[in-house]
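Per-chain numbering from 1; labels A, B, C and D assigned in written order.
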Amino acid sequence: MRKLLLTTALAAAFMAPAAYADETVTIGIVTAQTGPLAAPGKFQMNGFNLAVDEINGNGGFQIGDTTYKLELKVYDTRCNAAEGASAMQRLATVDQVPIVLGELCSPVAAAEAPIAQDFQVPLVVTVPTAQSLTEQGNPYFFRVNANSGQLNEALAAFVETIDAEPLSFIAWNNDTGRGGANGMQELLPEGYKFGYIGFFNVGEVDFANHITNIRNEDSKAIMLLMDEEPGALAIRQIRDAGLDAKLIGTLAMGSNRFLDRLNADYLEGMVQYSSFPPNAPMERIKNFSDTYKEKYGEESHGFAAQSYDGIFVAVEAMKAAGTTSDGAAIRDALAEISVDGVIGTISFDEKGQASPPVYITEWCEDGSRKIIAPEEFAADCGAG
Amino acid sequence: MKLSFSTAAAIVILAFGALAPFIFGGQPYILYVLTLALCYTIPAIGVNILYGYTGLVSLGHMGFAGVGAYTTALLMKDVGLPFVPSLFGGMFAAGFLGFLVGIPCLRLRSHYFIIVTLAVGMILYTLFNNLDGLTGGAEGLPGIPRPGNIEIGSFVLDFRSLTGFYVLTFIIAALTFGLQYILVRSDFGRSLSSLRQDESLAAARGVNVFGHKLAAFVLSTAIAGVGGAMKVLFLRAAAPLSFDMHESINLMMMLILGGAGYLVGPVIGAITFIALPEFLRIAAEMRLIFFGFVLLILARFAPRGICGAAEAAYRKLTDKEANVVRYT
Amino acid sequence: MSAILEVSDISKSYGGIQAVDGASFTLDKPGIYGLIGPNGAGKTTMFDIICGRQVPDAGKVLFHSSRVDGVEPYKLARQGLARTFQECRVLPEETCLDNVLFAAQSKRMTSEMLQVFTRNTKHRRDAEVEARRLLRLINLEKYADQPASDLSYGQRRLLEIVSCFMSKPRILLLDEPASGINPTLLNTLRDFLVELYEETKIVFLIVEHNMEFIMSLASTIIVMHQGKVLMQGAPEQVQADESVIDAYLG
Amino acid sequence: MATAILEQFINGAMMGSIYVLMALGMVLIYGVMHVLNFAHGVLFMVGGYLTHLFFFSWTGSYPLAILCSMVALAAIGVVLERLVFRALRDNLRMQIVSSLGLILIIQNGVVQIWGPHALQMRPASVETLVKFGQLSFTLQHFVIMGVVAAAVVVLYLFLTHTRLGTAMRATSQAPEAAVVVGIDPNRVYTLTFMIACALAGLGGALLGPLFLIFPQMGDAPMLKALSAIVIGGMGSVPGAIVGGLGIGIVESLSTLVIPTDYRDTITFGVLILMLLIRPWGIFGVRVRGED
């Protein structure tokens, strides 16, 4: 008798739970969970998970008469090209996901893109900025975030309007840092005076040499092309060394979490480009920031916003293509897609590059921020 | 017909390699991982000639692989040379750099030579990362073309497909293995291993110590160049991070894991180090800790790696008398 | 005919110590020569200079009237100068047969590399026959396939001598072959060296401390003292000479 | 320009002191035991993490946290010497293999325990600023230089004036001779590892708060310290000190002239040149004899 009971209990456990979603769709994610870029990787994952929870929260999404729940299959590529490519290969052929999102390092995305094309699985990257990625004429490669060219154009346009000559740089010695530094030097007009250009390896955190050389060039503004962690350190060391040049930062430096690492008077007057001002009055940004703060207990980050939108773009593409398995159809849908994401309306040009608005925000002395560009979104302190 | 361990193992592995496209035709992922393992086998063979036979430790070898990789990639992408001349170009570039580094540094005592190879590896990595114009710098060099197709009668070998590229990599890896087989089984191999065992004695018997070391070093850097080129062609993108110090240390680890001084050491090491973690994907973060402990255990108890243990087992199996001409 | 080995006023110093101070001697006909002298007489330095491991400060060494001091050891070996080591070195991981064959193989890299294609030429088969004969001579043939590391110290010493003999040298330099050898094996060593000498009739130059062994073996003795050559003559002459006795008793 | 040179000099001296601490540990192990310990960088990093742990979850006082992490590192040193390096004495290749294995275990182990993110720790000495006219440095800069100077003096006195210290020097010059006069080499080797790891811990504890404590923090200093002991002369303690300070100062002064992304290349270039011209380094003694 007992054996019978046991089997039925087991059988019940295996029956598919009769929730209202009929099937689940697994989306591939490639990111860096370990290695030097583990920290930015965390924000990327937070963005993905937030979007998935939200979609699954309101019952998944509808294609025809079946509703689908979302699931993520995540692989750690550790910013290593070989591991990135093999993760992409595994996603495309073993897990057979319809679409892959993510990646942090440009060279790794460059290694994953050809596999996306070979196996017709669209790859939508949400963080890497190298311009060459979208120049390869690969129809299966899309980029949600602005590339270094777009970011630099917006910033160069702004830098010209302020008195920043001679402009110095402290930049990561990787794709983001070098792309930014080289880009700015090309985009700023001929004869624009540059001060000191300093590079440092990912993981190095001693900026004393750079600061001395910047003071030596008595430059008016310093452009910091790095992520949040080294950025906070650089600013602290710059102000501790008594240098009061104007600071120009990247998208990681326009958030309250950045503020907690330093304090208001360190940041006062600092300007940075950002794909996503967390407290902007826009309705879509506001509720993203609130849900993010509620789930993770800290303010959101540009990478999270870009990745969050990435999931919605993928879902809209599957809905438009009416399939969750045919990569080619999803690709065609992606090419025509237009989604009102958190970072702006996302639609891809023929090279697969979206062009979300690039905001410029400025720190006020009370520790809040104001948006100073683009004009149509301008807002004063507290809304940045 | 009693086969020595290495010849038997070589036959088994070559057979497995040749049949793989048919066995795993349906699973592209396994074929993919095997191709990647083969791409690592080639530089591992180079390091085996240098460390396994001649006893010289090099901790910067992936730097030379990088030189071969970027040279071949640029020859194919910008200059438009076909595959074979570009590959030879990469090989000569890496070998020539090995020659330039070898001439001054091979006279140094063992500790200093290791440190020099580490320093050379670091310098090469910095050059790959900083020369944006030439190597695409930190953004990597995307869009590296695969070799053109080969039509023999109706049969078309398309290297853009996974199976096609696997066949190409397998052929080149087999050629490298053949080169190693010839060199090591010849008197040249015996002279190299005499250097590892006792340099002064080898000199007293007429071995030109510096000459042989230089030849071994140039050979190993050239082979590493070929390996680097194949890896970059396979990934179709070159990234500086795949040629840094950590990769060189992994390459050394692969060889020691497989069994330094054995003909099949490199390929077994590469397969275990590359394929195993891909299959136990779930333990991604833990695998490096796992390999760390494996290294400690190997260093302490089985310095001859997997091949050492396999050879002992093989000898018990075929109870051959102790023919210990180890480098067969 | 020119002298086989001519050492003319060689001197060598390490920092303050004047190890060899203008020493000269000539070996003009085949035979077994002993080089003796109290500790610090400069024997080992002289030995190393002749073998090319040390470069002299002054003076020259002629081997068949071609200058050899300062020449790299491997070039000397190829010109027919074979040597053994005080601490008795063999290739531990190679078998005894391979240790002997290694000495015989030509060390030109190109011929080495192509050798794999010429695996079983007549030259190699003859070399193996000769190697086995030599191993039989020192009754080590049953260990032909054993790794050299399994041999006892005495056996290794014999193997080392036989190995460097295999390359048909024109001069054989032995660095204290008797050191660390028990008395019974000493006799076999002496007989073996005499037999080898009879076979080849080349110059044996033996640096040695064991007086009883060298006096009974060598036909001519060279005595060094404080970096200079004191005298050169037959064993009886040397034993009777007061200056030699003073040098030793000091 | 003059103030820039002075400022770079002080920056260089500070960073140089960190390299000295690391180099001292490596030169002791190499000098006494002829072990090339590449894992020294990760031990330096563990020093930083332990100080952070002791500072926040236990003592709350920075100096005490430093002491605790030094003691803990010394214990780790004993374990490493006993379990890993003792059996591999005079087997250069397997020692290197083991040190590579240790790097993997410790670096990834720390990521498992503390997570991949950098930790921050701001003791008082980092907050207070010291001003010279236009220049201003954190007090920590001078704390580092002071503590390192003190450590060098204490080490020097220990090596020259204590029985244990002399035993270490004796073992490093002639291990067999030392045994003959009754020195137990195993005890000396364990002691050497303890001191070396404690110094590495001290280095990590000092540098951590000034910057960030993260898994890769030990990699660059280890390579610079390795260059320092080679340039200074393998196995020579004064060489490690001069080499470490020298590299720190030259590197930071060089940023005035050459682009900073080639700064490491310059250091390694000088290292290779030194090895070719004077492999025994500034202070090392030319060893006679074959190998």
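Simple rule for what comes next: a contact is a pair of C-beta atoms (placed from the backbone, for glycine too) under 8 Å apart; a residue touches a chain by one contact, two chains touch by 3 or more.
The shown structure was predicted, so the numbers you read here are calculated from the model rather than taken from an experiment.
With centres taken as mean CA coordinates, the chain nearest to the overall protein centre is B. When chain centres are defined as mean Cα coordinates, C lies farthest from subunit A. Put simply, the C-alpha centre of subunit A and that of subunit B have 37 angstrom between them. Distance from the subunit B centre to the subunit D centre is 33 Å, each centre being the mean of its Cα atoms.
Subunit C and subunit D, compared by their mean Cα positions, are separated by 48 Å. If you average the Cα atoms of subunit A and of subunit C, the two centres end up 74 Å apart. Chain contacts: subunit A has residues 33-34, 173, 199 touching two or more partner chains.
Of all residues in subunit B, those touching 2 or more other chains are 129-130, 200, 285, listed in ascending order. Multi-chain contact residues of subunit D, defined as those touching 2 or more other chains: 108, 111, 261, 264, 290. Of all possible chain pairings, those that touch are A-B, A-D, B-C, B-D. Subunit B meets subunit C in the complex at residues 182-183, 185-188, 190-191, 193-194, 197-198, 200-201, 203-209, 211-212, 215, 321-326.
Residues of subunit C touching subunit B in their complex: 51, 53, 72-74, 77-78, 82-83, 85, 89-95, 98, 102-103, 105-107, 109, 111-116, 145-147, 163-164, 167. Of all residues in subunit D, only 1, 3-4, 7-8, 11, 14-15, 108, 111, 116-118, 120, 129, 131, 134-138, 211-212, 214, 216-217, 219-220, 251-252, 255-256, 259-261, 263-264 touch subunit A in the complex they form.
Residues of subunit B touching subunit D in their complex: 51, 55, 57, 104-105, 108-112, 114-116, 118-120, 122-123, 126-127, 129-130, 199-200, 249, 252-253, 256, 285-286, 288-289, 291-296, 298-300, 303. By the touch criterion stated above, subunit B contacts subunit A in their complex at residues 27-29, 32-33, 36, 129-130, 132, 136-143, 160-162, 231, 235-242, 278, 281, 284-285.
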